[in-house]
Amino acid sequence: MLEHYMQQGSSYASQIDGLVWMVLLMTGFWFFLVQGALFYLLWRYRARPGHKAVYLDDAAEHAFEVKWIEIPHRVILICDVAVIIGAITVWSDIKLSAPKHDEVIRVVAQQWAWTFTHAGPDGELDTADDIVAIDEMHLQVGKTYSYELGAKDVLHAFSVPVFRLKQDAIPGRVITGWFKPTLVGEFDVQCAEICGIGHGIMPARLYVETPEAHAAWLANPTHYLAYKF
Amino acid sequence: MSAPSPHSHEHHPDAHGGAHATNYVKIWAILLVLLAVSLIGPELGIRTVTLLTAFGIAVVKAYMVAKYFMHLNIERRFVVQLLVVCLGLMTLFFLATAPDVMKHWGMNWRNESAKNANIPEAVHHEAGAEAGHEAAPAGHEAAPAAHEAAPAAHGAGE
Amino acid sequence: MVRPIATTRSASGVPTGRLAVWWLIASEIVIFGGLLVCYLLHRLGHPEWATYASHTNTWAGAFNTFVLLTSSLSAVLAHKAAEEGNGAKAANLLLVTCGGALTFLVVKAFEWTYEIQHGFTITANGFWAFYYTAAGLHGLHVIAGAIIMLIVAADARKGKELQRVELIGIYWHFVDLVWIFLFPLLYIAK
Amino acid sequence: MAETHGHEAHGHDAHAHHEEGWFTKYFFSTDHKMIAKQYLFTGMLLGAVGAYFAYVFRMQMAFPNKPVPGYGLVTGADYNSLVTNHGAIMIFWVAMPVLIAAFGNFLIPLMVGCDDMVFPRINRLSYQIFLLSAIVLAASFFVQGGGFGGAWTAYPPLSAKAEYSLTPLGPTLWLAAVALEFVAFLLGGINFVTTAMNSRAPGMKAFDIPMAVWMIVIASILFMCSVGPLVAGAVMLMFDQQVGTGFFDPDRGGDPVLWQHLFWFFGHPEVYVVLLPALGFVAEIITVFSRKRLFAYKTVLYTTIGTGVLSFFVWAHHQFIAGIDPRMANVFSVTTVLISIPIAEMMFVYIATMFGGSISFSVPMLWALAFIVEFLLGGVTGIFLGASGADIYFHDTYFVVAHFHYTFFPIAIIGTYAGLTYWFPKMFGRHMNEAVNKVHFWVTITSFNGIFLPLFILGSAGDHRRIFDYSNFPELSQPWMQDMRVFATVCLLIMLAAQPLFLVNFFYSMFKGKKAEANPWNANTLEWQCPSPPPHGNFSPLPEVYRGPYEYSAEGRDQDFWPQNSPT
């Protein structure tokens, strides 16, 4: 359902979309079943002259409950267990695992800008050839990146919808995660945690390039772009 | 959480004192002895003994005050259950928050500023600042180090 | 003000006044509990706070614990007197309890002035922030308890509303209980 | 129990003698019914303020950076402050006062069959503290730097440091207002719980208590047990703001995540605190208008208590990606998805109440059914957010906004309208115009769905919350998305336009409506067994209870209802 609105730009995007599909199917089924039952009962037992409401004493209620409420209740329990298993596997693959990364990129959020420290041609961070770009992130498609996320002042959230990636940046903490771009193109990076009056005007652009274009960028990086507005 | 009892029955006399004259002064004396014992701990200086005596005795004193002075032993059960549930909620809150606030590192994250504050150098440093009697917040010196170590941002942001 | 009939009923078996005080104690447990859990989380997470805590005056804390335990004794004796219908004796014992509260606050005042003069202000560091917040919130509860106790004692002396002596007694024992836990947390754990 | 029949009669007469001046009758009254109306009108007034904020920032969403008629240009700071205070006002100053305090004050003494709350003066004091909190909140807009703009969750360091929020006094006044509101509801809560537990009419056993009273009592208990840590947190945050301590300041040994835990430990039980009273009203209304016994009273009660207990174990699903340890997210994902079980069972049991009934679609019944229909969608969309894996994408997007409006709107607006239209004859002794109310119902419900269904789609397309101008994000400024935002705003305008229909009907009928008799809906519960509007002291003599509240259409009786207090 999600891929219709937001392309899948990273390796685990399809997993999240799959989980959303599963939850959608299950909840959709139950939603329409219960609404249907409700509207049927409303129509069937609407007040009509000569029609009197029935009185269910405890025994009759219990019988009705066992037949009509216990069964759907247990099936919902099974659906919930399935949703839990799906959720935990997807969460563990993304947030708990840290596959071997080819490169590390440092992301620092501050009141109303993103600073991306790329590893530069040598692929190692904290070396002389690091490339620091403001509000611009250049990645090579197919490479597994690990990110180090920090914040300078208040809470921010590093959100790349196309990667299905979101992680709050907390001042004083360094939070790591990983992603692997699979789609070439130019995408949005948004801040997903309210961070003051500029929360809406701190967009960053993400450029996922083919290996050749990425190498060209590494050669003469267009960093230090002045603020656009 | 506490289903009130069915239609009230009068087994429970309004006045508590009548039950049995607990000797309050005796309870008070025991509490003072326990207080004295809990003070010995810091004198001995053995850390684990101090902690054990201090908090163990605190729990015993609390139990005695609650039981004898607050008459929880002859109070209706749902009141005791309510108080225990509230204590249980606090332990639940402690257990669920500890991995984030008490510990300073975890799966895929580390709390840089708290970690720097812990290293002995920061403590020694703080002792120096305090000797000078100016109340500069001790954590402050450690903070710039935290910022530099974590996000080595280009000069743009400072 | 005529008290409604609702107050005279006690379908739950606990008189209305005392039931309300138990609910008040439950909500207070959760408030002080929340503050002490936050303190404990930080205290266990920051070993260096033990050195900050070494500047607290254990003897002042111990004496205050003694004062509050004694005031708890006089509070429960006042309750016993009120049960026996002796309003005057209950009122006097409540005044003794208020005296205990006053002593507690005076000792705290001296303690705090000494510490503030030596640079351990509330903004010094995390430990002192919690020290003043927790002890301060507890101190406010001591003051509130003492004021209510004076009002209840005034009524009890005239033999009116004697059941309130027990109610303020329960609140006072709770304030004492909070201090029983605050004392080791702030003073002994060094 | 000391009271005898004679004593009660005497006590009751003493009430009637002392004359109340105009001031004491309306502003300084200790009568639970008058205090209920004070809470109701204050809540409705602040509801209008909250709706005005929603109108302004929705206009900014639909027509970015154009001056909004009735407000002017909406800057980033304005937008954040409007959104923050829309959320805070609607939850703390509209949903809680109207659902818990107004209906709780009015219904509990009447439904348990006694003459007033156990502590009338504390009841009056709790309203006065609540009024003070509303005034302090209003003041927070006019201080230097404007109102607080850090979301109703007030996460530090944004809410703690003036240099980040650029409003030195706004956050502190906002926090003081919220803290005062907590004090008011702690006092009120103690009053409600003690009255419901102790002042029940003789003969009313635990399972004879109407569901509305049970729900408001359990809601008050949940509130009292969950608000504590946040009161301590509010003290700590206020010290951070004004005194300069570092409780939540990472540079000084504090931890912002601690505030998130403190807030959401209260936050999630809070949403059940406002849900339960609305569920109680729906239970009363669907039984009366389908003339049928509430299906499985004990199941409803035990699932309510189960939901209440479980609501203390789920809070960190608000923080899956907010910096808590990822392993904890799995624990809270399990408990969050499991809490859907008791709520689903409660919905099934409510729907099963309709089975075999004789359902008449009066306005209160329409609102109660609309509650079930809309709340089902709200509950169902919660599973997407409870599943930790899917929450990675959906967190802080408009999908979340749509989800919680599909739960909060039925609670605060549909629940209130259901309660008001049902108990209006009892509160004011007159009937409202049924036709006008039906038009108001259908316009409000259709436009409500028109506002928030598009937001589900916008949220799935990546719209994030609290962003006042999407033109900076190419992915979010596609034409079809902007059209949806315009459509949602137009639906909001239609809904707001329909509200005066109800308000005029409400205030007009209060004085000029058709006189209402004591039991217009032929209901069983005790509040319908005394004159409407109930006099001071409610019942004379105070009722005795012989059966449960839902004995409708009992066999062998010609009348299809059986009041709780009628001996035969």
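Chains: A, B, C and D, in written order; residue numbering restarts at 1 for each.
The definition used in the following text is that a residue touches a chain if its C-beta (ideal position, glycine included) is under 8 Å from a C-beta of that chain, and two chains touch if they have at least 3 such contacts.
As the structure is a prediction and not an experimental result, all values here were calculated from the model.
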Best-connected chain pair, where connection means C-beta pairs in contact: A-D
Reference subunit A; chain at largest CA-centroid distance: C
Mean-CA-position distance for subunit C and subunit A (Å): 49
Centre-of-Cα separation between subunit D and subunit C, whole angstrom: 34
Separation of subunit B from subunit C, taking each centre as the mean of its C-alpha atoms, in whole Å: 16
Touching two or more other chains - residues of subunit A: 95-96, 171-173, 175
In subunit D, residues with contacts to at least two other chains: 1, 197, 204, 225-226, 228-229, 246, 250-253, 255, 257-258, 323, 326-327
Residues of subunit B engaged with two or more neighbouring chains: 4-5, 7-8, 86, 89-90, 93, 97, 101, 103, 107-109, 111, 113-114, 117, 137, 139, 146
Chains grouped in pairs wherever the two touch, ordered by label: A-B, A-D, B-C, B-D, C-D
In the complex, subunit B residues that touch subunit D: 1-8, 10, 85-86, 89-90, 92-93, 96-97, 99-101, 103, 106-109, 111, 113-114, 117, 137, 139-140, 143, 146
Subunit D - residues contacting subunit C, complex: 1-3, 8, 11-12, 14-15, 18, 30, 109, 114-121, 186, 189-191, 193-195, 197-200, 204, 224-233, 235-236, 239, 243-247, 252-255, 258, 262, 542
Residues of subunit D defined as touching subunit B within the complex: 1, 197, 202-206, 218, 221, 225-226, 228-229, 246, 250-253, 255, 257-258, 261, 265, 305, 308-309, 312-313, 315-316, 323-328, 331-332
Interface residues, subunit A side, partner subunit D - complex: 1-2, 5-6, 15-16, 19-20, 23-24, 26-27, 30-31, 34-35, 37-38, 41-42, 45-48, 51-56, 61, 64-65, 68-69, 72-73, 76-77, 80, 83-84, 86-92, 94-96, 111, 153-155, 157, 159, 161-162, 164-168, 170-173, 175, 187-188, 190-201, 203, 229
Interfacial residue positions of subunit C with respect to subunit B in the complex: 10-15, 19, 22-23, 25-26, 29-30, 33-34, 36-38, 40-42, 44-48, 51-52, 58, 62, 65-66, 69-70, 72-73, 75-77, 79-80, 83-84, 118-121, 123-126, 163, 166, 169-170, 173-174, 176-177, 180-181, 183-184, 188-190
